[in-house]
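Going in written order, the chains are labelled A, B, C and D, and every chain counts its residues from 1.
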Amino acid sequence: MQSDPHHDSANSVELPTPTAWPIITAFGLTLLFLGLVTTLFVSLAGFLLGLIGAIGWFGDVFPHPKHEPFPIRPHDEWPKDVCRVGRTVTHLHVGEHGHREQFPAAVHPYTAGFIGGLAGGAVMAVIACAWGYLVDQSLWYPVNLLAAAGLPELSTASTEVLKQFSLAGLVVALITHVTTSVLVGLLYTVLLPMLPAKREWIWGGILIPLMWTGLIWASLRFINPTLNARFEWLPFVISQIAFGMVCGFYVFRSTKVSTQQGWTVAARLGVEAQHPGEKKP
Amino acid sequence: MANGTTTTATDDDDFVITPTRPGEEKGAWSAWIQDLLFTVDHKKLGLMYIGSGLLFFVVAGLMATLIRAQLAFPNSHLIAPDVYNRFFTMHGTAMVFMVGMPIIFGMANYLVPIMIGARDMAFPRLNAFGFWMFFFSGWFLYFSYFAGPGLYNAGSAPDIGWFAYSPLTAKAFSRGHSSDYWTLSLLSSGIGSMATALNIIVTTISLRCKGMTLGRMPLFVWTFLVVAFLVILALPPLSACQIMLILDRYLGAKFFDTQSGGSAVLWQHFFWIFGHPEVYILILPGFAAMNEIVPVFSRKPIFGYPIMVGANVMIAFISLGVWAHHMFTVGMTSLGNSFFAISTMLVAIPTGIKIFNWIGTMYGGKIRFEMPMIFCIAFLFQFLIAGLTGVMLSVAPFDWQLSDSYFVVAHFHYVLIGGLLYTIFASIYYWYPKAFGRMMSHKIGLWHFWLFTIGFHLTFGPQHIAGFLGMPRRIYTYEAGRGWEIWNLMSSIGVIFQLAGVLLFVWNLIYSYRKGKIAGDDPWDAWTLEWATTSPPPDYNFEKIPEVRSRRPLWDLKHPDDPDWKYE
Amino acid sequence: MTLLLPALTARAAEPTVYPISNMFDPLSKPALMIHESSIVVSLICLVIFLLVTGMIAYVVVKFPSKGASDDRQEPPQIYGSSQIELAWTVIPILITVVLILVTTRTIGEIQDKKMPENAVRVTIIGHQWWWEIHYMKPDGKGGWITDFVTANELHIPLSPKDKPRPTALTLESADVIHSYWVPQLNGKTDVIPNHQNHMWFEPWATGTFLGNCAEYCGTQHANMLIRVMVQKPDEFEKWLADQRAAPRTPLDAIALQGRQVFFGNSCVSCHKIAGTVAVGLFGPDLTHLMARTAIGSGVAPIGQASLRDWVRNPAHLKPGVLMPDMQLSEAQVDQVVAYLMTLK
Amino acid sequence: MDTFINQPVSIDEITPWRPPSIRKVGMLTLITTESALFAIFVVAYIFYIGKSLNGPYPHELLEIPWSASFALFGSSATITFAEFALKKGNRPLFHLWWFITIAMGIYFLGFTAYEWHEFIFEKHLTISTNVFGTTFYSLVGLHASHVVVGLLLLGTILISSLRNKLDHEHHEHVEIISWYWHFVDAVWAVVLTVVYFISAHY
């Protein structure tokens, strides 16, 4: 027990004395409850028993919690020393000391994904709204179509209504669009370097948007029947690819930063200068 | 890893018979019983928690068997409706409060102090009190079978379902004392639970050994810290609504009296403010065990320790704000329904992270298929199903169909059996050598695993489909011709396999206690502090309070050339 | 799922029974809307399930220890990867965004639907363990009052897609919580005392649809069955007219005696027969008993045999039922049944 | 276990290892759980404001209990003075302030008893009269029961101190009991606002 560790001697440990009061108190309380479903005499007995238990318990812990010395086992019964095992550890050969790094040692900064996502989302929104303004004669048409995925009053509305401004539609569309853009931007920072191609821009700019478009096409009937009924391929694909290009460009342009995961505690705390094996990839 | 050899624990079939361990023959039965009654030792209390939990598990499990026997065929008259209703009420109540909670607290009691290098819990007497409160309230609950009209027609056992929706619990619809048994026993076991949770929190925060910072605490302890906080926050609402119900039933208060302007929905809100976190109170300890067992048997540290801690905290936090997803059908506003649907879906994110991180831990490792690991892998698969059906239920419109159908029954049994019970099995196989000094038999373990797993999927898999076909929960019989017969029959057959599995497990516990292979201090070559002491540990756990410098103190000692503390 | 589907051929033909209440076979508009959002989430979950199961299988197959000699070498100790962890945090969030949009839209579309003028208005009151059904008519002051009362079996009109005519249900309870659930017509809505709930149907197939009470409500929760008869508009109007009319007078002697027994015992304090002194409200309205297909809220098909069984001792068919055993003699039972059989 | 000592010195050696006291953490946890309990009763009270089907209604009965509130809030100050006195070693002053705290607590309880007596026997509001009675008596009663527990704890300290059983190591006990007392006061602030200020208009 931490409360009085000073009583420990070389041969014994102080442990709390076993006591009957907790079980008596608990039994008293149970009887108190049991009386409510049987007869009140049981409750009375339970109350008395609980009271006695509580007072006894108090005597156990006040003024000092009761302890008794517990003899320590003879030394040969002690646990065996934990010692070196005959096993070696496989090391990954990234850097000289990099075998236990948290991978990757360096990443694109998350801010790049964040800003890239926002920028890509902005370009995408501009293209969509421009298309809506020029072709469908309404700036708000694409906005409302997006919001119709989550808003029942828009999903059941006519095309004329969809072309008018709706505050709820704008808010929902904005939240959805910004959240999705930022999240996809973050995904770009972490996923693009993993992809098996040297030309990352093809993946990020074209292939991923195309895959994404295909996925949306397959599920749009359920996710957003309103948009599905009024779907236009060309602006959709163009805006998706624009997003990919802008966001990807932002992410690749950023310099990678170290995650510090390979550094020692001391190095990270700034107590030591730097881990000797730390290398910039 | 005695003497630096690299023996593994797989070849357990050549048993070594040794004389009884020191201390075993010290006293007669009376001394032993006296020891159990008066002890304040966290290890004994922990084992008593788990032992009595397993006892109630068998009783409540037999009730489930009878339930399945009744439902095996349509229009069955095996069990009278009122008896059946008492069965499922007692089955649910006992499994949650008399099986799940005590086993979890038992694990925490036994392991948390050793893992943080302490000699006992912060308040050892309160710990004993918490155990006895649970123990007596368990018997109190079952005593209802003998009370009132006696065993005939199942006595005064409660028949109101484990969530006891008002006004079915009102005096007008529940005469006699059956609902009072339910309320009072849960109130008193709640007192014990809160005492124990408080104890776990204080122990974890204040009794860590030197160097055991929060960032180095084993994830097991971290998870239990989160669980204890959930208990502290979620149990009081349950106690509060039990008090209200007692006031209603004994003093004529009007909390849930719909005739006097009381609200029936209010009970549901209060109950589920407790009830949903309770689900996480039950499943997080499963995660805790996974966090210890998967790394050891993959021979790698846990993948992404900080994010695992964060995910635990997130799950606990979100779980306090999702309760009304149990109430999508009560007619909340569309805004309310949307809010709770969204918050529920958010839980999937940290839960998903945990599943992926466990797979990440196994990836690139050298997996040893010992019994604990086998149960953990089955957990991964089953909990994945449970999680995904949970996502389906979170979509409120889908829930309008699925709620209170057999799909829900299947879902939460995948959570509680496929999730929690599997990790309890894993934990028992993993820590049994520590508690009793002997390995459990691998051969019996495999039989146990396969029989139980087949039975489990056979029982609860088809219930998803019965739910799709419109079968509601809690019906004691159903008419033929509605397409439910085959699924129910499969379900009932599965129970036979599960029973066999559990029997083998119990047999394994007894058999290995007598004849299991001697375990040694550290049979699994593990890394946390409990393996640095003897099996079983002495009353004081450690001769000298240890000091740690990393998340894996024993790894540091075993690999002095390549310790963790250099890199964390 | 196709294996579970009932025979689809009989649809919209002669009235038929759909015994299998498969929620993936919706035949009414709200059920279809639920079905579509269910398909989205089910497919997403299926894909995730296959992917993650594949990952589990991969690591289990690919990375087992190759025995004792292999164990001498520990694998590389990797602590984690913020990159991949971020990826598997962000992707679920994106999926969640999609699910949130679908869910909130569907909730609003179903729950906040405005009922048109031509909607059939019905109030359903849950009892332990049967359903009281009020067909409503306008009271002329903008509200609704009861037109006539029936029990357990709900008749509603077909709602052609080009000329929809929804049925608007108001749900109330007389005692404990119940839940009204006909999977092929709509999801369930709880029936709560001191609390009004609403739901609606717009079916495009005629026939009898089955459902259950879906909230545990006491001993006979299992036998609180629901039958919804969807009828062609003309048949429905005829049914309405029949229900509004008073029951026929008993014809033969034995039925007359049964009438005496019925009114001489306390049957009248619980049951109502329109146009007579029987005005009890505690049990089901018996005015047009024989127009229904089952008794005891679906516990047995209606007929002389089942009625006899029921009148002799209701608890025999439905243990725990709140209707008491009236202790009638065999002759009296016959007479009462004969009387009941005239209530068409 | 000796091997632990042989490890190289790390950054941890610089700061001493001093985890927080078990009693303080325990009392904070207890207060957290009690807060959750009260929160439910407060929510129930708020939910049922204005939903009584029959009288008596809150505006007919409730009067703001100025003197009792003053006593209870004041006792939070006096218990702090007592603590200061104890820290300075001034035992008689400690006894005085501690006794005043107890007296103020008892005055508060006395007021509640008086109020309840009046409500029940003169205004005919019992716990089963309407939902106002139900939520009022349960919430105020729950708080009063905590005042009783607090008084028992305070009394125990006073008696042990008068019998000279209270020595230096018990200062922390005194401190955490004062925390509990402050908590009971804080709950009264909530109850006062919800019951006597807000609901009194209905």
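A few comments on the model shown:
Here is the rule we go by: a residue touches a chain if its C-beta (ideal position, glycine included) is under 8 Å from a C-beta of that chain, and two chains touch if they have at least 3 such contacts.
These numbers were taken from a predicted model, which means no experiment stands behind them.
Set against one another, A-B and A-C show the most C-beta pairs in contact at A-B.
Centroids of chain A and chain B (each the mean of its C-alpha atoms) stand 24 Å apart. Chain A and chain C have Cα centroids lying 41 Å from one another.
Annotation: 38 Å between the Cα-based centres of chain A and chain D.
Chain B has residues 6, 122, 206-207, 261-263, 334, 532, 543, 557, 559, 565, 567-568 in contact with two or more other chains. Of all residues in chain D, those touching 2 or more other chains are 1, 3, 10, 22, listed in ascending order.
Looking at chain C, residues 37, 71-72, 74-82, 84, 93, 100, 102, 104, 106-108, 112 sit in touch with two or more other chains.
Remark: the chains found to touch one another pair up as A-B, A-C, A-D, B-C, B-D. The touching residues of chain C, when paired with chain B in their complex, are 1, 4, 6, 19-24, 31, 33-34, 37-38, 41-42, 44-45, 48-49, 52-53, 55-56, 59-60, 63-66, 68, 70-72, 74-82, 84-85, 88-89, 92-93, 96, 99-100, 102-104, 106-108, 110-112, 128, 175-177, 179, 181, 183, 186-190, 192-198, 210-223, 225, 298, 319-320. Those residues of chain C whose C-beta lies close enough to touch chain A in the complex are 36-37, 39-40, 43, 71-84, 86-87, 90-91, 93-94, 97-98, 100-102, 104-109, 112. The residues of chain A lying in touch with chain C in their complex are 86-92, 99-104, 107, 110, 148-153, 155-156, 176, 179-180, 183-184, 186-187, 190-191, 193-194, 219, 222-225, 259, 261. Only residues 1-6, 22, 35, 37-41, 118-120, 122, 124-126, 128-129, 132-133, 135-137, 140, 143-144, 147, 156, 177, 180-181, 184-185, 187-188, 191-192, 206-207, 246, 250, 334, 520-522, 525, 532-534, 538-540, 543, 554, 557-560, 562, 565-568 of chain B touch chain A when the two sit together in their complex.
Residue ranges of chain A in contact with chain D, taken from their complex: 2-3, 58, 62-63, 79, 81-83, 265-266, 269, 271.
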